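Each of the next two complexes has chain A plus one other chain: chain B in the first, chain C in the second.
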Partner chain A sequence: MTSENTPVSELGLHELTTWLRRCTELIDENAPHLTDLDAAIGDADHGANMQRGFDAVAGILDGEYEDVQALMKKVGMTLVSSVGGASGPLYGTFFLRFATSAKGADALDLHALFAALQAGVHGIEERGKSMIGQKTMLDAWVPALDAYQRAGETLQGAVLAGAAGAQEGRDATGPMEATKGRASYLGERSVGHIDPGAASTALLWEALADVVRPGGPTPDGEADADGEAAS
Partner chain B sequence: MTGIVVVSHSRQLAEAAVDLARQMVRDGGPRIEIAAGVQDPETDQPGLGTDAAAISAAIEEADDGQGVVVLMDLGSAILSARTALEFTEPDIVERTRLSWAPLVEGLVGAVVTAASGADPAEVAAQAEVASEAKHQQLAD
Partner chain C sequence: MKKLIDATADVVVDALRGMALTHPDDLQVDLENRVVLRGRPKADGKVAIISGGGSGHEPLHGGFVGEGMLDAACAGEVFTSPVPDQITAAIAAVDRGAGVLQIVKNYTGDVMNFEMAAELADAESGTEVRSVVTNDDVAVEDSTFTAGRRGVGGTVLVEKIAGAAAEEGRSLDEVTAIAERVNQNARSLGVALTSVTVPANGKPSFELGEDEIEIGIGIHGEPGRRREKIAPAREIARTMLEPILAELPGEGPVLLLVNGMGATPLLELYILAADAHAVLEEKGVEVARDLVGNYVTSLDMAGASITLLRLDEELTALWDAPVATPALRRGL
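Let's turn to the complex of A and B:
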């Protein structure tokens, strides 16, 4: 359980549920921004799609779950069947693979969380047949994982570093030319716009950082992972 | 008979394409299932999008033991169809083919070929050469 002074050293069902609720809040707040980003280089539905998906996720969080795997599998299936756009299968696969990695666990410590996140990101790579540098959500996921791994030592430190890595990765998608997804039809015209999938990934990380940060969300300082910083 | 699944972002597009293809096999023809669109929870109206869980259910529904060919429109329809195979009965996945054929031409080719009793590999192959007829027609 999160308290003012004790750093979180593992994520159990309570913390993971808190994470997902925070994801829903941040997606709701940022949906117009995500849609604006998608209007520039896609089909202008990323905000609405993510909102529909995470609202559906919020609806399953009050259920009883035996362990981490059961909860995350349900989250993955919910996203897969409610998002509608490419983010559905991509984020859905992320949570399904995260679930498989967490098999039998009641809580995830520093290493188990890394393994689960990494399994999820491999799922995204496999599903999208894409890699870093193609102006996709992976450009936020991969730097986040790298930063998490480099920070090591404590769960809190690693997650906060991961969230900062996700923001940097998101911002770095601006100058990239898209070669995957709808944006690839634009070619060079995709340059100069932040990738909406990378922006939503940074929000998921921001939500995770809020769970491990003592005292919860902070409105200013380095904890501010808001997408507005990119503009 | 090889079953057919139509995956589209739009329910109306899928239904219209199926109507068009069914004209070719007025009596009988293969089982055709549609997995298209997503439900907007607020308005309860069908919206644009694809749903991997619905695709998986449609594949299982369309299979009578001979296998299934899945035709898709674009982009996330393909991602969702691939994702659907992750939670479809493994036996059925083995006899399921995702076809790269263009949706309308491919569907007509697939329905006609399936009606002749062909297996999924042949149905997918005929779907994929179906746009060749259009190419020929314009070249004439």
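Let's turn to the complex of A and C:
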């Protein structure tokens, strides 16, 4: 969160903590929606799992952290240890790699944040042995990173573009046929449903956009409307 | 949702508490890590076998902990794989110096969490951990999907036969090879008569008409191959066995497992078993061993799965070996 008119130019411990708190709020609000998406093509547990994980993350945010790496490593370990399913190792690996990339940094500027996000996404690809186009969370992560990089002049502009990219990527999973993850067991019957992992990824980006958006987080209603648009 | 629960968030730990109370001598339950362990641990120098996965498939896996089968089972949340912390706790508790075999059903989350746990166990204590991923379900084709087939009823047969091999004192390589052989020789298919209701969700995961069945359903309520009108059990037995036989490797006698999905009475499972026998006899397949009952369930889903395992002398002897677990007990 930032003061009214000062654009955020880097993310330090304070801003990252704000991001994670906002993630927790958005996941809480959208948990039933994520579970409904998962019931359509998976096993109806994505909302409950993400809620359990981010509730656990909320519980560690008041701790003292030496630097960005220490905070994000703790977030990653907390998610791995509490989420379960595929989302635990995937989101956990994202934050652990993010942490490694941020080693020694007190704050992340436009380029350092891109490097950290990219390292995290590579982690998801490796852990899930997956890539874009297979109807997974990567279909939100990769377009978000691309949009961030293309926009890239200011941190604020890049993050807002990234969030928009994540939403577009999420919506584009609807017509895809899954070839990875549990939805792949359905084959062509997965077509027509938004991927729940892509939907939760878009929420993480929405939360990040709220941190850099002029005036801080948007009212809850707006995020809700975005969540609904996914259905 | 009408269920015998106290709090939806606590169903797994509350059920484990009940298991601990009802099997005080046979099991030790680590409620903090949600790991079910043998009451009388295995001797030093023997390979240990662990398994686990989402809860909601009882008696899999906690019900198969005991002499002749598993050393530990990790209970994840309902339909959600356990987390690496649980699995590493299980590995540390059961390692007797001869290595640990993990039996993992082929679901993305299970595979990833067990893989992370194996990496952590190796890094932290040097324990040698192997994994066998079961994938016996013929409902979903694996040719174009790298995620492959799902692991279902065949998992119980892998756990029993590998458990017997470990009990004999075979090496980690040998026990792993036996587990892989059982998996490669087992094929399954499931049918749903009703949907499943996950407690945290509170409503049915899918809609199925009063006169409809879903062929090839997954054990988490994942939709199957297709929907059909309900038919007499003998027709359903044929519908299930034909694709299983088409993909069952080898020749010779088979083990027939007729497994209930949770809400189908034994009366119906025995009818289906009799019909399966008739179809197999007609096709010239000898049923050398049988198992009928609820072994790999899907909460309150009505329906059944059939698993065939192609037997040879060694697998038959290991299947016949004594076993003493809450859900499978013979000769001990």
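Simple rule for what comes next: the second predicted complex is superposed on the first by the 223 of 231 C-alpha atoms of A that agree within 3 Å, B and C clash if a C-alpha of one lies under 4 Å from a C-alpha of the other, contacts with A are read in each partner's own complex, and residues count from 1 in each chain.
Definition applied: a residue touches a chain if its C-beta (ideal position, glycine included) is under 8 Å from a C-beta of that chain, and two chains touch if they have at least 3 such contacts.
Computed from a predicted structure; not experimentally measured.
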Chain B and chain C placed together on chain A: clash or fit? clash
TODO: Report for A:T179: first if it touches chain B alone, second if chain C alone, otherwise both or neither.
DONE: second
Inquiry  = In the overlaid three-chain picture, which partner chain does A:R189 touch, first (chain B) or second (chain C), both, or neither?
reply    = second
Would you check which partner chain A:G88 touches, where first means chain B only, second means chain C only, and both and neither mean what they say?
both
### Task
Please work out whether A:D146 is in contact with chain B alone, chain C alone, both, or neither, and reply first, second, both or neither.
neither
For A:V80, using the defined touch cut-off, is the partner it touches chain B, chain C, both, or neither? Pick first, second, both or neither.
both
Query raised in the report: Looking at the overlay, does A:R127 come into contact with chain B only (first), chain C only (second), both, or neither?
Result: both
Per residue count on chain A, the busier partner among chain B and chain C is C
Per the contact definition in the header, classify A:D55: touching chain B only (first), chain C only (second), both, or neither. first
Based on the superposed arrangement, let me know which partner A:T35 touches: chain B (first), chain C (second), both, or neither?
second
Handout entry: Touching partner for A:L96 - first (chain B), second (chain C), both, neither
Key = first
Stretch of chain C hitting chain B after superposition, from 145-153, 271-279 or 307-315, is 307-315
After superposition on chain A, the chain A residues reached by both chain B and chain C are 45, 49, 52, 80-86, 88-90, 127-128, 181-182
Contacts from chain B onto chain A in the complex sit at residues 9, 38, 40-41, 47-54, 75-76, 79-80, 82-83, 86-87
So, in the complex, the side of chain A touching chain B is made of residues 45, 49, 52, 55-56, 77, 80-86, 88-90, 92-93, 96, 127-128, 181-182
The residues of chain C that touch chain A in their complex are 54, 76-85, 107-109, 112-113, 115-116, 139-141, 144-147, 150, 198, 200-201, 205-206, 218, 220-223
Listed in rising order, chain A residues that touch chain C in their complex are 35, 39, 41-45, 48-49, 52, 80-90, 127-129, 179-182, 184-187, 189
